[in-house]
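Here subunit A shows up in two complexes: once beside subunit B, once beside subunit C.
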Partner chain A sequence: MTDASWTRSGEAPSLTDQYLLSAFGAVLVVLLFFAPELVNPGLLFIIGMTLIQSVFALSWNLLFGYTGLASFGHAGFYAIGAYFTGASLRYGFPLPFVVTLLVAGILGALVAYVIGIVALKRLTGIFLAVLTVALTEALGKIIGFTPALGEQDGLGNIPRPVINLGITSLDLTHSNAYYRFLLIACLLVIGGLWWVIHSRLGRTFRAIREDADRARFIGIDVARYRVISFMISGATAALAGALSAPWTRIVTLDQVNWLASTQPMLNSLLGGFTSFWGPVVGSVVFTSINYWTRNYPGLSEMLVGGVLVVIILVAPTGVLGILGKLRTRLTRGGRA
Partner chain B sequence: MINQSVFVLFNGLASGMAFFLVAAGLTWVFGILKILNLAHGAFFMLGAYIAYTIGGASPGSLWAFIGVALLAAIAIGMMGLVTDKFVLGRLRNVDYHYVLIATFGLMLFCEGVAKAIWGSDYYSVMPPPEVDTAVKIGSSYISLYTILVIAIGLAAFAVLELIMNRMWAGKIMRAVANDPWMAGTIGINVPMVLMLSVVASFALAGFAGGILVPNQTLSVHVGSSFILYAFLAVVIGGLGSIRGTFIACILLGLVESANATFLPEYGGIAVYILLAVFLVARPQGLFPPQGAL
Partner chain C sequence: MKRRTLLKGLAAGAGLSLGMKATYLRAQSGPLKIGVSYALSGVGAPVGTQFMKGTEIAAMQVNRDGGLLGRQIELVVRDDKYNSAESVAVARELAGAGINLLIGGSQTVTALGLAPLAPELNAVVIIAGAAGMPVTHELFNRNIFRTVANNYTQYSSFGRSLIETHPEVKTWISIAPDGDFGRDSALFFGNAVKKYAPGKDATVLDTIFTQGTATDFRTQINALMSSKAEGLYVGIAGAAQISFFQQARGVGLYDKFKVIGEVGNGEVTGKAMGRNTYPNLWSISYWNNDLEPFKSNPLSQQLYKDYVESTGNKFPPALVMAGQRSAMALFEGVRKAKSSETDAVIAAMEDLTFQTPGGPCSFRKEDHQLIATSYYSQMGPSDKDPFYKIMQMAQIDSSQMMEPAAPGVKFDIKDLPQ
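And now, the complex of A and B:
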């Protein structure tokens, strides 16, 4: 990242902008909360998947946009979470659902830790990309050989959980109830990521992304923070997978290959990887393109692929970057 | 055991050569342009579809089959020209992340085009009649098409080695790969060399598509397994080295074939172990890049 125009603009949004954005966010959350009453079940399913994809894309962008590492095998983490939760619910592991989710996240972090200490110190760039691709493919093969995980057919008929709260219990078997749980869980995870990125840790990550050598000179243990970033990212991706299993109620091998790994990249790039909300915007844009072009085979790939190429060539900062540029131009024009 | 070994050897060599036909163009472009072209497999896939469209499901003769593959090579080479002009040519000096993502977008675009033109149906192509039989070697039967693929792979490697090491064109390419700026100052038309490399690489992908389409189910995903192994080979071989890629392809082919024969219940896992060992023990690859191919 040498070109100055490709880095984040340091401009902080003004106070009125912040109020407007917060108000917009609040309205959006309320609308999302009442979505089961507002839209049909098919669309509700897509909204739920978009939420999960947003979290997944944010987890990837923590690595790419904030630490400067590209994982091309992120579907592996997603699959770890999805398969663990799917198996846990299907075979009735004696774990409360929330604990299951946490364990899924911890599993993701552990795997990321192992990859991190073995590979991250010596491999960056294309080597890391190929290694992460290969590990995900290998994971897919292993799942394909494991009868308990459904081999080639995937794990179907995953029941939705009932959360025991002591006196009362929270029944999530109905899709509307699980949707609301999903929404709250995703908002909490997104909030957690926001906090990480805006904390001291996030600033350390950004220092490494901007210039790893300089970061090393001022005393940052670059290898260690890269592993930490990889772990948080892996845990979040696993959590996204874990939340998806009861929503789709089936986990298949389609989610464990390198093409699946490119989904979060696609969303982050479409929306704009230089901004926190870019991956979320990208997930919404991608889902919408897919939804509107579903009757024309090939059109969605052409559109998404074409848009991606154009974005890299013309505006590497994505949709939000273009909007930001437009806004600066308009406000400057107004002042002049 | 001996039977199986012969079988493993021939099948392994055939897959290795198939991987090499795909990987050669990939490593060539990487060596010269330092671009890892994720869309390479998609152009291989388009080459296979074009060969199917021109030559039909059962090619009349061996020469017609090879001719069709050459036509596919020309068509994909032309696409390479266009792609270089509009996309790859603009990615010469940007961070490799953007290159990966742009070529990935290109790959999606190609898949979309293929789906729109040829639909989501599966097609299959027969090997040409001359090689649609098997010969007995030892006591195992080896299909002649397998031997044809091995022969074409070896020939492709020999030609590439000859060009790179014994010919003027190869010296110019090595000079450009080593130091484009310096090559420019001594009067080499660097943009032209880069463009021709891209065209050659794409043509190789199209040719591979035409040659390898028999015995595959032709769908949008026909390239995905080849291209994955090609990436592994490029990394194991040392980025940009044709010789290293060739050896890595044979290694991958043999390991994959031995795995499938002796441990079929865990098919496809051994190559990843091989890759992991290589990445940890020798991350620079068999023939690490020194600017030369």
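And now, the complex of A and C:
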């Protein structure tokens, strides 16, 4: 695995490390696939939400960690996907479910394109952050006044889909079936993002993040690539929202405000925004803290806050950054 | 199949069935676990924690009297964080742990996540505090029971109560947040004022809308001051309501209006305003132990005693009664069913009448909506600690003010006979 945090510190993982990490990943995927048989439905729901939050956080980190842009209103894209899919299932839009997901992603990309054209081509820096916050707040207001979207109460009782495959159908109405669909969909999206980041396109994003002026000097159309990054990010966030609607079976205004936008930032910072897997690790850490402190109301917020302070002070590169440093020390200690 | 394989299979099957039987027997003889999911942190905590206290007292009272079905009640408590997704996670976790009796939904946002899940989890779910209409309309299913009046009943009854206690007030106006709850509560209130005014000669002016979280109400207060209204309904809740009263008091709004009804802040506004509480402020309430009909109700006296003993606080919030009532509804359902199985408890609760500190309660069979007495308190300033007092309670029989049962059908006020 050529992880950004390791490549920056100048030490790529050895071949053995790569094999070990690949084996760990494979075992994890198998365990996740059989999770419905291994854990209770409550924990399964939480695992499903962690997968969705991981995709959401990865979408944010594509912007921040890889293109050097900050979106402070990413929940808006998530909400676009969640409400579109929720409404599509609730009102029986004549769209196959997979097409519904794709349309949700395209909607996210389109909105990102419009914002990107305004904020990234003509303006820079803080304007993108402000515009994304504005988008989220405006969306919240629009939904709050739209009876078909449940106004303040939210869109509840969203049915889970049945995918028609021609000669047969894939019934996702049961939690276990939808969970497996969700897992595969999230793995595909994560795989897609991995490919983007490790492709020529991803290297272009990183070049822009490192130094936009130099990137421009060597012929990169910075504004264009920033818009492309923003569109991929918006589409991915909308896909995360789209996948969440049938899982939670309710979409509410809780998911369309600035507080909801801080969740992917929190997960990315916790796990480490300099690494591809950092947002995923952050989502797992955040969920674990929440789960283990569920009997102590308010404690999870204090713990997450405390962990964040420690991470920012001690290891700004997050949990993976700490692990990377530990590994380096151990390796050097072993060599000495 | 080889003989050894067959014997192994039989032995494993026997072991498994014995193990399952032992687990089943343990589950039947140990404490009766009841899942509780309220907002115990976050912005919903001021409401959720009061519901929690009432529910804890109900469990303590039943356990003190020997328990339920010969078993002690054990509450398995979770925090839904005032978040619908969290309430879904909590309900699934509790159901996954084998708990089929749940109390939750201290607010509408969490109840909307919880309610549709109940059939899938094969659980009986008590929706304790959510007044949103969808719960007993488009989201209705037979596994849920709502132990609080819905918005239509609550605010129609409130309007009726105020016009009946103040028939001399002919012109009314509302200020409400510009959201569906604010619009609906003002609409239900105003419609009831017009309908129940003696001679039907009350006028309800157009509602003045504001932001639910606003802190500056000068424009709206000016509009109220220049209106001809003498009666006011304030649909703004929480800290915003306190800001409203603080600003309104300074410009003479207290002198202009003869009566003000507020959405349900109750003691929160009383504590914040103290000696500056509006002198004829009416509020949605659940309980006040010092006033009739609670004063002469032994269940109310016992609830007060248990509350003071467990907290040391002599001024219990009214919502404690709502939390206790919700739990008692479920406990009495189990007692009547003589079983904790989901179907038996549902059948028992559909035909249940149980006693509470606020009088007898039952459920409407068609949509599992609580039928109870709705109470409204009159509050004003006081010279003694806590510097506000509740002077009297008005009451309306909610069965007279309920919309016709329409489970599965979205509520629309236009469908009701006007």
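Here, the second predicted complex is superposed on the first by the 324 of 336 C-alpha atoms of A that agree within 3 Å, B and C clash if a C-alpha of one lies under 4 Å from a C-alpha of the other, contacts with A are read in each partner's own complex, and residues count from 1 in each chain.
Note that in this section a contact is a pair of C-beta atoms (placed from the backbone, for glycine too) under 8 Å apart; a residue touches a chain by one contact, two chains touch by 3 or more.
This one's a predicted model, so the numbers in the text were calculated from it and none came from an experiment.
Q: Sharing subunit A, do subunit B and subunit C clash or fit in the superposition?
A: Once subunit A is superposed (C-alpha atoms), there is a clash between subunit B and subunit C.
Q: Is A:V133 in contact with subunit B, with subunit C, with both, or with neither (first, second, both, neither)?
A: Touch partner of A:V133: subunit B, not subunit C.
Q: Look at A:S175 in the shared chain and tell me whether it touches subunit B only, subunit C only, both, or neither; answer first, second, both or neither.
A: Once the two structures are laid over each other on A, A:S175 reaches subunit C alone.
Q: Which partner, subunit B or subunit C, is in contact with more residues of subunit A?
A: B
Q: Please work out whether A:L308 is in contact with subunit B alone, subunit C alone, both, or neither, and reply first, second, both or neither.
A: first
Q: Using the superposition on chain A described above, determine whether A:T16 touches subunit B (first), subunit C (second), both, or neither.
A: In the superposed model, A:T16 contacts neither subunit B nor subunit C.
Q: Quick one: classify A:P297 as touching subunit B (first), subunit C (second), both or neither.
A: both
Q: Name the residues of subunit A shared by its contacts with subunit B and its contacts with subunit C.
A: Shared contact residues on subunit A: 297-298, 301.
Q: Taking the touch rule as given, give the residues of subunit A at its contact with subunit C in the complex, in rising order.
A: Listed in rising order, the residues are 39-46, 49, 144, 147, 151-154, 156-157, 175, 244, 248-250, 252, 254, 294-295, 297-298, 301.
Q: In the complex formed with subunit A, which residues of subunit B make contact?
A: 36, 87, 90-91, 94-98, 100-102, 104-117, 119-120, 224, 228, 231-232, 235, 239, 265-269, 272-273, 275-276, 279-280, 283
Q: So in the complex, which bits of subunit C are touching subunit A?
A: Subunit C residues touching subunit A: 40-41, 45, 77-79, 83-85, 88-97, 108-109, 112-113, 115-117, 120-121, 132, 134, 138-139, 179-181.
Q: Going by the contact rule set out above, which residues of subunit A touch subunit B in the complex?
A: Residue list for subunit A touching subunit B: 1-3, 64, 70, 72, 118-119, 122-123, 125-127, 129-131, 133-135, 137-138, 141-142, 145, 258-259, 262, 265-266, 269, 296-309, 311-313, 316.
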